[in-house]
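Note sheet for the following structure.
Residue numbering begins at 1 within each chain, and the chains themselves are lettered A, B, C and D in the order written.
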């Protein structure tokens, strides 16, 4: 492949943060800013290199190189491969380079923001914080440019570890460690299926490579075409099964229903962490993985439909819960879940571009919103309850306007970035849905969610920034420094304009080629064989239907979603954009409690853990101590009892001995006599 | 006229059983010892009878040895019974039961 | 000759340490134990063997001398290493050195005897992994028990006497059963073997096996022997339901003893299974695949569930060892290169990781004098470094990628999933894999309760940081674990090289 | 070799030397009855025993008894009824070893004791008797030798005239002895009646010639009564009843002497008689049943009863007594396992066991002697924590205990496992049952042997215990025994060869 010259620096993208991790861990204590500097330089370096790679890909080059063989060995795979290699390699194609840029950019901004958020607040344990941030960035970047499923899984797990550590950063509290544990366990549950998927795919196709002729995608395609039997299933079914198994990991990491419960709790971590990990990047890992191996899912309509439906449902489900939260971060958390639902929906209906597009946009505006929330929290002296805020608009204009930009993007108000991507997703869902009822249902849910999104977003904005201050903290907010503002502004601009990357509706209306992202992902500039949008699109087995014409359909879709978003925003305005907003909980009636308690999802999972698993474990323990160990001890006590009896024949009276002796002798005589037939 | 060897065997067996009976029932150490001697002599009868029957003298010679050894045994036995009496003030074999089980 | 030197150094060292004054015993023993450690590392680098020791592979550091004659069978001093045994030898020597260092703090009574016994164990462990004559192997195998019995019994916790005798008798009975079965097998092989050299017996087994004995058909005898030996080793491994001696022994044993017990002694069982059952009885392995796989899965899940119910840190780790050993059995029964190779790798890996875990728990115990999860909280506040390592070890235990545990488990799962001669292998594998969730469950619960949260501990003294010589061994172990996780082929290649002949029924 | 020049009667030198020593001591005693120059007396006795040992070893090495075809001197029969062959020499060696050990040990044990010369001369007389038993090959000489061994033993057991225990022990020993020897003699008379001969080989000849066909029942009963006699001497069920009391009550060195040497002597005559006089098949045709069956039953019952009764003893000496019964059961396997075509493996194993037993069991009893010398008491509790005050002796005790339990790395392992191997090797169902019993009993014995180890090593020392001196003689004997017990593990080859050769020669 060409361009290895530039690309040979690719590993450094991930290695810089790794170095930062080591440095911060070992020397952080003695460094100015406790290791932040190292992190900032490292992420800056990564960003720089990522941009270089991006440019290189834009220049029509791609990079797919195996760097290091982990291990290899003989197998007898279902498709007849005799040998398998597990390697670490780099795959730089449009998708991964785009993601690299996003991740390293957000990471850099978060590092900078941390200066204002953590250092300024005089936290302890900063070296640990920056080290873990570095480790996370390393793992995330490595995950992004992984060229095979196993490597992806490994770094997938590592980001999980970092998430655990960072959520539990304030380990001296009771809640943070618990939230961290929950986050890891729930995602681990998903990863269990993911790992089965990896193992299954490897055992089936004898390869775990994403791209190239020896990728498992290609192998699966050939298997399906040849009608091979895989582990007793016909190929397509098996692909569906394995695909869904991998999807388990995705659902866990991207906090999709029913494994979404960890994300709101994860807000126990520092807000910067929430911004980086639980909004922009790690949570995106799941969706990114689907996009990464989209070719595989494209082979299985069932899997796609399930993805779409789960996505649509989660989008609505989470949005409804976001409506009633008081904690600003909680609202953002549920909106994150909801937004990833959209991405899943997009990918599920084959809207590869739409999904990735929304992934990108969301990364920016959600990072923005979280950092904004972080700024608000600084302003509010670490108060997160929106009901204690209010009126911050004038006191912190920068925060307000950037936050607003993010909110508009999130709500999907034209022309902010969120609108374009969300609209595209819904459009793709609609056209497929017209043929596929399941998808239509998913679309419907996504559509309804738009309303809620608009509502809770602006409820948040109004409660936080508008009206009268509702606490003395809100009266005189704590000022924020440049380290806070710079990232906000940067992201604010991005959130506003990044939508330009793919103005599909405009392009269709005016029929001009401005859908850059689509071209990008379609490999107009350069891509790896098989990993391009149109190839996916050909594989995706869905029919597409239109209401009268394509344009009309698009306009209807766009109009409806925009209308709903505005409606939501307006409702919020009427309810909350008043000097003294009230909770309006009665309006929802019984539903309110249900929503407040998140549909009792947590209760359910806690019950699973404590109501089911624990008793079983205790029962097993009791069984073990009584029955199994009892048997062991029983044997010994029985023999000892026997011993205490046996020795009683030694009565101490010599006459008895003589008698017993004679008796024994006669007994022996009898036995032998009977055998020998003496009498 | 000669008596068939079987009768000697029967005689010796009877003697043996008498001795055994004594061993099992007598509590006096000396009686116990005597009974044991009876059993030995039962063996002697056998030996001599069989020696006569087989027509070789091995048995008779052995019988002599047996008697000699029986005498030695008695000697040792009496010594032990003596110290027994000294320690337990009794020659009842069922008395010393300090060690059991 | 090298192996003899290793053993000799350990034995002589043991004697020297016995007579050394308590004051210096610890340091002395550590210094001595460095010799085998360094030597074995050199042997590891200089390893030139290939193939399987029992299936006419070329042995490294081989040496054989006739010892004595038993009827028409000759018993000889016959040692040598192949790709399976050398990693285990290195594991032993390294772990012993570190265990010795880690016991400087907790062991404050009759030191010279303690360290002497540890070195004595080392000698025998090296012997177990290198002996290739059945009787010789069995001597080492049994001789490990006495010092461990004393280590638990003398320096153990409150119920040490019960635990020690239970461990001693239970494992000994198991050995007797196994011994009897194997002897019967050898006699059954008749004239085809003239010695107790394992390679010879293995060859005879693969060329037809026994022609009947004790009134049993050849095949029946083979099956009976296979089952008997499996049970014999199952106690040592241990697999459910023969595991109950393990938690008692672990809980009562002093930290270094636990380290060796979990780190190496358990591996003796799986190593023996691999050497005997899975090398000499390919036919039976196939016949009994399903039940054995079932046992493996049960061990994994049941062991993990038990761990979930414990509140004593050591008990948790002990039960989790049962669980991990279940993985090893699964890998073995998979009977594929990745399965058996992964199982062997997992032996080494789990040796290091469980050693690390027990050390970390021990360090915390030294400071807190309690191991009950319910008694402490927020230890991270007082001993950050030790706790950091404990967390790292815990994640290693959970199979975190780039640590050796993950490679072991992944290769086992991968090897087992596609296993051809194991029916329902996918089901078994998927079930067993659920262990990775439960293990995360109980370890994270334990961490959350003990090391996180506000600092709480009932002590009348100030809990401070752990001394350096407690932390260094753990760092070393952590380094090894990560090294093996990143570059598993350091040992995996030689392992698979030694495993292949087994799977190919003797041919290379 | 020098042996050639020696007159034939010199072949009996080992026994004669014992006799001479005994007489010398008698003379000394009659000259100065009150003499208490312990060193002289003990020295003489030990010296005599050692010389006898040396000569016996020398003869063995010189090839006395080795069949001439193997370049040996062939067996020598100086007197009709006394033969010197490998078997004889082998057991003479055992007797001499034990005698030497206990002679040395008695040096301290008898301190402050009257009539010492008497004691030593009695010991030497008994030893003479035992050596004679080893050589006797006619029922006459056997009976005489047996009595020669027994009568002094009675006296020795009861030699502590003012100690009720000792006297009671002597009484019981004597009474049961009288009864048993009566039965034994009666058995001899019956055998004589059936065959008309007392010389073993003639008996065999008659039986094989089938001339005794009409006396099957007579012969059977006779054989059974002979077995009774041996069972008494070897303390086997049901003639074992004297043993627990005798061993417990007697002075510990005498217990050691009886339980090791006397037992061995009992076995040698059993081996001799049954291998020479009663060829299996011919006898079976005559009496309709294999006499091995009797030994199978005796072996199982004896080992089981011995071990089970030992398991819950509180008195250490009594525990050892019962364990010695158990070991008689193990050794009986040597007879139970005899088959028409060989069985020298198992018989040889039994002989090895008796030799090793001569060291480990003597050592164990001598430790008890040491404890009695210290006056620390007799129960397990009294032994608690002795290792703190007497580490060396306790280390030796540990060696003895684990060797008795048959755990490596001690010589007891070899003999016991060879017995096990041999038993299985016979391949008959009966022997399989025996092997099973052996396993069960070993497990149980592990428990109570390790119990004693636990007492001295693990339990905390008793508070009110005075300082313990280190008597030279006892320590010397114990340490020698311990060292030998360990050393024999490595140097077992010659013994195994000697034993199996002797067994083979005897069976030939």
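Criterion: a contact is a pair of C-beta atoms (placed from the backbone, for glycine too) under 8 Å apart; a residue touches a chain by one contact, two chains touch by 3 or more.
Bear in mind the structure is a predicted one, so any value in this text is a computation, not a measurement.
By the document's definition of touch, common neighbours of subunit A and subunit C comprise D. Set side by side, the interfaces C-D and B-D show unequal numbers of C-beta pairs in contact, with more at B-D. Centroid distances from subunit C, each centroid being the mean of CA atoms, peak for B. Centre-to-centre spacing of subunit C and subunit D amounts to 42 Å, using the average Cα coordinate of each chain. In terms of their C-alpha centroids, the spacing between subunit B and subunit D amounts to 26 Å. Look at where the CA atoms of subunit A average out and do the same for subunit D: the two points lie 78 Å apart. Centre-to-centre separation between subunit A and subunit B, using Cα means, comes to 98 Å.
Touching of two or more other chains is recorded for residues 169 of subunit C. For subunit A, the set of residues touching two or more other chains reads 636, 647, 650, 652, 654, 658. Those residues of subunit B in touch with two or more other chains are numbered 23, 93, 96-99. Chain pairs recorded as touching, per the definition above, are A-B, A-C, A-D, B-D, C-D. Note for the complex: subunit A touches subunit B at residues 647-648, 650-655, 658-659, 662. Looking at the complex, you find that subunit C touches subunit A at residues 166, 169-170, 240-241, 244-245, 302, 305-306, 308-310, 336-338, 341, 378, 380-381, 395, 398, 400-402, 406-407, 410-411, 413-414, 417-418, 420, 426, 429-430, 433-434, 436-437, 440-441, 444-445, 447-448, 451-455, 488-489, 492-493, 496, 500. Chain contact summary for the complex, subunit A toward subunit C: residues 69-71, 73-78, 150, 153-155, 157-158, 161, 168, 171-174, 176-178, 180-181, 184-185, 188-189, 192, 195-196, 199-200, 202-204, 231, 609, 613-614, 616-618, 620-621, 624, 628-629, 632, 636.
If you check the complex, the residues on subunit D that touch subunit B are 139-140, 143-144, 147, 151, 154-155, 158, 161-165, 167-172, 174-175, 178-179, 181-183, 185-186, 188-190, 192-193, 196-199, 218, 244-245, 248-249, 318. By the touch criterion stated above, subunit B contacts subunit A in their complex at residues 20, 23-25, 27, 93-94, 96-101.
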